[in-house]
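Taking it in order: structure first as structure tokens, then the write-up.
We call the chains A, B, C and D, going by the order they appear; numbering starts again at 1 in every chain.
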Amino acid sequence: MFKRIITPRMGDTDAMRHITNTALPVWFEIARNELIEIFNPDYELTYKKWNLMLVHMDFNFIRQCYFGYDVEIRTYVTKIGKSSFTVLHEAWQNGKLRSNGKATMVYYDFIRQESNVIPEDIRIKLKEHFIGPEELDEKNRVEMKNNKKVNELDYVESDY
Amino acid sequence: MFKRIITPRMGDTDAMRHITNTALPVWFEIARNELIEIFNPDYELTYKKWNLMLVHMDFNFIRQCYFGYDVEIRTYVTKIGKSSFTVLHEAWQNGKLRSNGKATMVYYDFIRQESNVIPEDIRIKLKEHFIGPEELDEKNRVEMKNNKKVNELDYVESDY
Amino acid sequence: MFKRIITPRMGDTDAMRHITNTALPVWFEIARNELIEIFNPDYELTYKKWNLMLVHMDFNFIRQCYFGYDVEIRTYVTKIGKSSFTVLHEAWQNGKLRSNGKATMVYYDFIRQESNVIPEDIRIKLKEHFIGPEELDEKNRVEMKNNKKVNELDYVESDY
Amino acid sequence: MFKRIITPRMGDTDAMRHITNTALPVWFEIARNELIEIFNPDYELTYKKWNLMLVHMDFNFIRQCYFGYDVEIRTYVTKIGKSSFTVLHEAWQNGKLRSNGKATMVYYDFIRQESNVIPEDIRIKLKEHFIGPEELDEKNRVEMKNNKKVNELDYVESDY
């Protein structure tokens, strides 16, 4: 699992005083940098070298996320196929899972314009970050049960 | 179906000279303004009045999208539940479907913090934009077959 | 003068229920597409062809801008130098100037990595959009005086 | 001076394989969180409590900034007026100043809709981050002279 801390900015809020939905794709993309590094250790952005293409992403908004508290993005590998793999991102804030979502990337040759088989050495590195859905659900359930409640400013009751 | 034209900006491209993935959530959000208007005719952004909460969104990247050509976002209603509904967005450029994705929204009371049953008058308006998946697939297949090919700058062959 | 209509999206608002500051750089960038077209008629994004580099941009926030009303971006050329030029963008909403700002671009050779003299044919096209500061101020003063007041939802008085 | 580390994401690049201009307003906004905390220790986003309004921001693009290397945002206070103050942000990457820019904020009462005099205790905290323009220029000149050159991937020569 990769961890990355995001500090929400004022402009990430919207008129409901929550973090707006379009912030999540941006935060999850930053969290994929460590994965990019596995495939592109020198981050070279040329058609010859770059080798990842995003084909799908999804997002579930489970609880509101707020400005004023750091967000921890956790990234797991949940599926490793022949030439593609899927990651699961989670956004945690104040001890609670706020949003999650998947991203599927293809190992791709941008010049020949076709997918490639993921090499074994990369496959091994991806596997280090693998988690199954049941294991993750149980882990999160236990963690949220044990986390102390933080009194957040949620605005709605006192201020409409 | 709602239509909205988006003009990509230079900053929407990334180093692969395609439109970057995080542009799509922003484009699809603009395309929901007409739906917002059905639920919030005066666009009032208060907890008392605002009544829509996004709970899910997903995106499929089917073909690359480029800077220099307008994009047409088409929005259909694909599911109307008791207190939620799902829309399908498509991004078309030069006669080809480039990306699509769904967004599920809940009809929500932000003060009582619970969902509400979608009223009948709104339900009727949503139904006007309904399409089933098979009908849409067939419509798109025919349209793409009939559309003339546009010679796009796709960069990869001549310039790497 | 170039005109472009922008429809604010919900995610462009922030917790103060106004359009957030970082929306403006994005809106003004879209408004430069017509200028890009003068320099790059085919929008080709290669080092060989692309020829514009932004070196400065600034923004003044004069009046709040709101979700729910279209915004008109007006772009003028205010300075034409030997190898650079400056544009002024204005954001108008409901008959009032909300924000303005300048952007200075250099006519640039990305391979030789040096600026070039702007050719005469481009210079002529830029001049068509030129306006002086006093003329613009007077034009705007008259226009705002004559525009009818629109009753906007400005949220602050009734809803805190 | 406040420091904040930003990790560029793939989507922050544009087709020239540099960081795109509109990334900077977002990065500089995140860097203002520590200043917000001086004025709003509990980050409460209500009209009653929130007290800062941005009235101006500007950006100078001095050297290209790249994906693949962290960016350090440094924020100084450069002017403290009666009811407003100005900060200077700098973006450093691999030991070189890439961009800088100012932001002017007004200490503002959102309910009465007028500016307020900045209280003495806040003024003292702002002064701790003050620097004059000559002092900063000299400091940066010395620092850049002493910093070792990093061999960056700048793409232009070998890849067009």
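Simple rule for what comes next: contacts are C-beta pairs under 8 Å (C-beta built on N, C-alpha and C of every residue); 3 or more make two chains touch, one makes a residue touch a chain.
Worth saying up front: this structure is predicted, and the values here are computed from it rather than measured.
S.K.: Can you tell me the least number of steps between subunit B and subunit D, where a step is a move to a chain it touches?
M.R.: Contact-graph shortest path, subunit B to subunit D, evaluates to 1.
S.K.: Looking only at C-beta pairs that count as contacts, which pair of chains has more of them, A-C or A-D?
M.R.: Of A-C and A-D, it is A-D that has more C-beta pairs in contact.
S.K.: Just the number, please: Cα centre separation of subunit A and subunit B in whole Å.
M.R.: 22
S.K.: Measure off the straight-line distance from the CA centroid of subunit A to the CA centroid of subunit C, and report it in whole Å.
M.R.: 34
S.K.: Just give me the whole-number Å value for how far the CA centre of subunit A lies from that of subunit D.
M.R.: 26
S.K.: Would you pick out the residues of subunit B that each touch at least 2 other chains?
M.R.: 10-11, 13, 15, 17, 21-22, 26, 29, 45-46, 48, 67, 155, 159-160
S.K.: Answer with line, ring, star, complete or other to describe the graph linking chains that touch.
M.R.: Basically all the chains touch each other, so complete.
S.K.: What part of subunit B is in contact with subunit C in the complex they form?
M.R.: 4, 7, 9-11, 13, 17, 26, 29-30, 32-33, 36, 42-46, 48, 67-68, 153, 155, 159
S.K.: Can you list the residues on subunit C that touch subunit D in the complex?
M.R.: 15-16, 21-22, 25-26, 29, 45-48, 50, 53-61, 110-111, 113, 155-157, 159-160
S.K.: For subunit B, which residues are in contact with subunit D within the complex?
M.R.: Going by the criterion above, the answer is residues 10-11, 13-15, 17, 20-23, 67, 159-160.
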